[in-house]
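Going in written order, the chains are labelled A, B, C and D, and every chain counts its residues from 1.
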């Protein structure tokens, strides 16, 4: 099976998951303010909603980019690959929920629980992204015939670290939630850089041929 | 008419129906806990929301996969086929609602009503999936010229059992809702296996030519 | 400009508008029942939500089908055509709102207001669907070079009646809301038949060549 | 990388952002009326929701059109371009939120805060749309080999004014919110005209070749 319809479905889930959060911003407006507060005050105290919106949107956007990079190396899909992808999308679409929990509770009593929930979600995302990649790459099962071996090895090396990194940061979050939240958000947002380098290398190598 | 635009529309509905439920997880958070409960406690007692999210997402993902397998055998669509597909998508997009009812009521008074609603929805989904398939396959009406007769017969044999199976489990649910819910969820989640085998057979046969 | 990206956008709006309503079913569950009612009772008295869901989904599905038929005759799009289509999609995405109003108020005090709102929305939809068609068809501006003149004339003849029909039924609704609601729902759901005949004629003519 | 999958993702975000607002119309119905008001009265006093829906939908529709025009000049995408686009889509998907704030508060105490929020959002949208365009156009980095230099210069000249215009209107809104809101809404809705002219010029030039 070719990967076209898979990408349509995946892009749909990415787009919806990223966009839906505006509803959450909308419905939580003013829940932070006492009754009768001015709109200006409501807008100010709702800043955690905006942070959650921005971080969620960018996190999902970056995962979309990386998924794109991975799919560029893949020639076709089989049913197991599709099932793993469905599981992966399920976890990705879940990300906005713990992100908002962290944004709204980081200064309150629920900070620790929220950050751990956020860490577990990101760890699961990394695990399933690894499952997608290694299922496709093991023995070149689903890779394109012209996939660059060095690029493939490079992606494998970086991806394999992800779950352990997020798991470690989740443990950190259980001890110090502020450090954990910053670490988790940081890697969710800059996790794209590594694959960026692969793509650049790949392009240079291609151009050099 | 070719099937491209139909698949875009269908994939959109699948992706949205699967992803929307995160809003439900979000809005029901803490409705299970007494006022003033800690976030950790709210997150714990909300587990039925997570179960509903996971089961709904995977169920719709698997239906998407099977729809994909069926569409692979189909060459073109006529207007009746499109109307049946619209009805099918309508029922698929409904699945998350009774799934959540079951998850939230399985231990309470509403367990029986929720499980019956879930069973009826899955039965209707199976009926409409059959309508799609048999309308297309009867006399080869919409099948591809190179569709494998044995694969087509195999899909027909499995599909025809679906509605009766779900109807029987709905009746079971009316008597013993726990057994019914487990049976229904089980077949919703593993229903993909049968078509998996067809696809594998088909691939082997192709490779063997 | 070719029409590919327009159709992706339109299909996205159709799919989302149709699917979103399940959220409405979800959030209104039990609002019809007294506090403490059983789930079975809540599910029963919520039937107007289900009717609204089914009618909205099918109405949008049929509009999608007809849009499809129209786009099949169209070769390319210009900016004015795109702007009209955006306006059309805006009205289509609005349909679920008055549909639910009718379903929930048809037996109560708000029946007349709800049915008029429903009628106005369907009238506007018909007006904008006409604008799409006649902007494209006038002088063959955007039609495909091989568009069948008789089919084009046939679509024009049927489409031009739509707005007047819906307007008349809206006036009927202001006098007798039950008759108006049935008439409006009826034509929203069977409006697809006319274009069906065009397509069949067209196919026969093609086959006869 | 080609731009196909980028456009699928972008069209998904545009379609969802535009369509989601009907949920807001739905959930705010009657919040403007005293308890026990008739449906007719609730529908009347909810007019700001309809205005917000129409303005948001058309604004996003026009941005979609302009994005389309820009993408027509672009040959391929690199990772930086994709990241800028994700940021752009994030701001576009945010537009419905301040639009509704303006519609609902324009006659009340919150008018100034709402209009400033609306102005900031549109200013950011213009900034990111510029970032997309100038990143692609600088030195012809991502442009198509056959992009018309005059068209490219024309788009650049118009785009560069956008952020300053919206910033100025945001400052106006801080002083006189009615004038600011009208100015902002006006340019959000007619901002498409400029690129329309480019496209027409471009088409004429092509035809003239």
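Everything that follows uses one rule, which is that contacts are C-beta pairs under 8 Å (C-beta built on N, C-alpha and C of every residue); 3 or more make two chains touch, one makes a residue touch a chain.
None of the values given here were measured: they were computed from a predicted structure.
Trainee: Rounded to the nearest 5 degrees, what is the angle of the rotation that puts chain A onto chain B, matching CA atoms?
Mentor: Angle of rotation between the two copies: 90 degrees.
Trainee: Same or different interface residues for chain B and chain C, judged by whether over half of the residue numbers are used by both?
Mentor: Different, since most residue numbers here occur in only one copy.
Trainee: If you average the CA atoms of chain A and of chain D, how many Å lie between those two points?
Mentor: So the centroids are 26 Å from each other.
Trainee: Could you put a whole-Å number on the gap between the CA centroids of chain B and chain D?
Mentor: Centres of chain B and chain D (C-alpha means) sit 37 Å apart.
Trainee: Find every residue in chain B that makes contact with two or more other chains and list them.
Mentor: In chain B, the residues touching two or more other chains are 8, 12, 16, 20, 23, 27.
Trainee: Which residues of chain D touch chain C in their complex?
Mentor: Against chain C, chain D makes touches at 7-8, 11-12, 14-16, 18-20, 22-23, 25-27, 38-40, 43, 53-54, 57-58, 61-62, 64-65, 68, 72, 192, 196, 199-200.
Trainee: Please name which positions on chain D make contact with chain A in the complex.
Mentor: 1, 5, 8-9, 12-13, 16-17, 20, 23-24, 27, 79, 82-83, 86-87, 89-90, 93-94, 96-97, 100-101, 105, 109-110, 112-114, 117
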